[in-house]
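Labels A, B and C are assigned to the chains in the order they are written; within every chain, residues are numbered from 1.
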């Protein structure tokens, strides 16, 4: 073919069968668990999703007020609040805090926001040892790889790959038993927690009413980061706010079930400030960095509903395109349906580089059906396609030009002529057929052309009727 | 509801390939006493251009569609995806446009019906007459999400004497057509279609049924290309065939 | 408290004034984005129990429900300290950390053969096979223990050892997540612990005992209200 293919399709085609299989089965299991548990525990889960969506949309529509409220509460609780307009400022702010409290080593939890700003690499360049503690992220860091799913970072790897990585990094002789792998990580990391000076986290939610950050994990790594170190820095996207503490009950119940089929994750931490006065363990100081990095711009646009996202990963799990392509195909921190919307938007001026992502969808709508905050993802993908076209981005795939189609479809006489002329398609040799048709025929047998047949039948029928 | 006069939106796919689906739709509607008119200037609902992101092109086609169906009679279309384009997509398409376009699109949206939905919720049909001894695998086309289309089709199919309807495993998974998606992302589309074919074969059904010719064209075409042909039937064809069997029996 | 100074890449530092510039900029952007919005969603009103799961809506004894839920997430519940003591010995866990306020009671109540230390040394963290601390409450719906900084004598004591035993008073068991959140209060660090720590990162296979405890135990006893 003369023109290159769509990048995500090419990536999918080049992927190994074993990787595709791992991604598909992992996603399917996640989706089935989510559905089973939601419908076991609630009479009408869809009404809860819509309610949660309205609460989040309301918060976004009034984000300036809620952010101000959260800031005031946090300062009253003894935490320091910072703002970062972009990734670079966020990284510098973190570095400044670490330097001013004399930290040389930090441990961090899984946080999409810190991955967006590439915090770990920045800190390493400035002499701060930065260690991922979530097991999947720890393995990704050892491998200098990238996560392929926002909740299950190494869904694309099998145990043999992990065992080889551990062996290569001096974490014991080759053993691919998942239990052994986990124990080794546990032993290695607890030493690291106790040697670290600072703990860096994200936040799943921030209550504007109490100012509490909510951190949700299964492994206990965030608890350890905070129990063992003396300085806590939380990097939080401004869209993470919810209005009140009572709203957290709804969001936490939906998040656990949507992400992993659990009612609640093992550890749900509600953090208002540094450690209590009588508590010997825990951070003496706490900093919250509210991160913009493109969010206010998205808020101003016509795809702002994407900011409702609570990072559960349910849309990834159900998406048939994600299952074929896998997370790495999306070339960003966020993959799957949410990534197809968020990555081009967060890219700001570099939107055209990612304009192919929203096209990689059959618009099936399964994502919206499972989204705990009811984000109308297909509509947002369509808006982004319109934006891409207006920005002059030319799709790489075999999609036919719509100009000819639109001309024919708005001129009835020309349309009817084309219907009759379509019979001639069969006489055009393969290589001369339009590219879209050749691509179609590489995967399908085209049905016989019947242009004009229905119209003739209908006209005849009308003639016979009174 | 007394059977009204309706306008048929045949769909561009039926116009080009699936005349039998359009014929079956007319016969089914006329059987219920509807007077069916076919505005000859119709072309397409504009979905291909809309989905491609060429919204200016889509608007010119959608405006033509508004003109063609500018008559108070309900519009019935044997396709969930076209029905959704008219009832939902067109509203997005004209969002920032003039009042006439927006009002016109909103007005057409509220009187456009997918076929099965029209029969069940529009005309109140609860049982379909006739007989058909077939095991049918029902495909829930993606555009039926958030609508009553699939329930309408299932109500009718399950009520036909002799018909056994089976659900397809992992039914929420898209077949992989998605219009121009199938030619822009052929590898992924083929992967999705292959999974769907496997699930359909696992039902050991006599035929795959859907309210959308687009999905059927993709699945059948891929099945043919890969040497495992599948029999497919549109909802309208099943309903028509059941009627024919009944009238032959009584003849 | 640390001073708010942020290093610039050119080697200088930024002052407080520049930092609040960012704050001003972000709020300006937000107001610009939201100012013209015609259809701002109101905050929906909804009943407090909207997210209570079906199982928790059936009336029942909170203690029994808590035990059932805890066991469903693979935790263990005890009401008798002697039975707990026997179980610890069965696990080969004979040395552990204990909240000083509970030591004299439990030294007797758990039975012989166990060593309870009332101080925790970070450098010897792996010596403690179990940690006993108080919980401020629990959640019957989910089997969660509610820990906080005021009632947990040492965060590390509840977290680092393989076995964590939370002593909770039966009348502090709340019915569901919503009511537990309503009771968060003022403590700076409240945690809902729902079963042992776990991961399914490797091939989706569930493994218990990652960074946190591999065994989550509740001792339901009035002494928990100490």
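Quick note on the criterion: a contact is a pair of C-beta atoms (placed from the backbone, for glycine too) under 8 Å apart; a residue touches a chain by one contact, two chains touch by 3 or more.
Given the structure is predicted, the values throughout are model-derived calculations rather than measurements.
Considering the contact criterion stated above, no chain is in touch with chain A and with chain B alike.
Note: the chain lying farthest from chain A is B, by mean C-alpha position. Nearest to the overall CA centre, using the mean of each chain's CA atoms, is chain A.
With centres set at the average Cα position, the gap from chain A to chain B is 33 Å.
Distance between chain centres (mean CA atoms), chain A to chain C: 27 Å. Remark: chain B and chain C have CA centroids separated by 53 Å (rounded to whole angstrom).
Counting partner chains per residue, chain B shows two or more touched chains at no residue at all. Remark: chain C residues 1-9, 13, 19, 22-23, 25-27, 29-34, 37, 40-44, 46, 48, 50-51, 53-55, 73, 122, 125-126, 141-142, 144, 148-150, 152, 154-156, 159-160, 176-178, 181-182, 184, 186-205, 207, 209-213 touch chain A in the complex. Here chain B touches chain A in the complex through residues 10, 12, 14-19, 22-23, 26, 38, 40-44, 46, 48-55, 57-58, 60-61, 63-64, 68, 89, 92, 142-143, 145-146, 170, 172-174, 176-193, 195, 217-218, 220-222, 224-225, going by the rule given at the top. Residue ranges on chain A touching chain C, taken from their complex, read 22, 25-26, 29, 40-43, 48, 51, 54-55, 57-58, 61-64, 67-68, 77-78, 80, 82-85, 89, 92-93, 95-97, 99-101, 133-136, 139, 152-155, 157-159, 162, 178-179, 181-183, 185-186, 189-190, 193-194, 210, 212, 218-221, 223-224, 226-228, 231, 238, 243, 245-246, 248-250, 252-254, 260, 262-276, 278-282, 285, 290, 292, 296-297, 299-300, 304. Contacts from chain A toward chain B in the complex involve residues 6, 8-10, 12-13, 20, 28, 318, 320-321, 324-325, 359-366, 368-369, 379, 382-389, 395, 397-400, 402-403, 405-406, 408-410, 412, 415-416, 419, 422, 436, 439-440, 442-451, 453-455, 457-458, 461-462.
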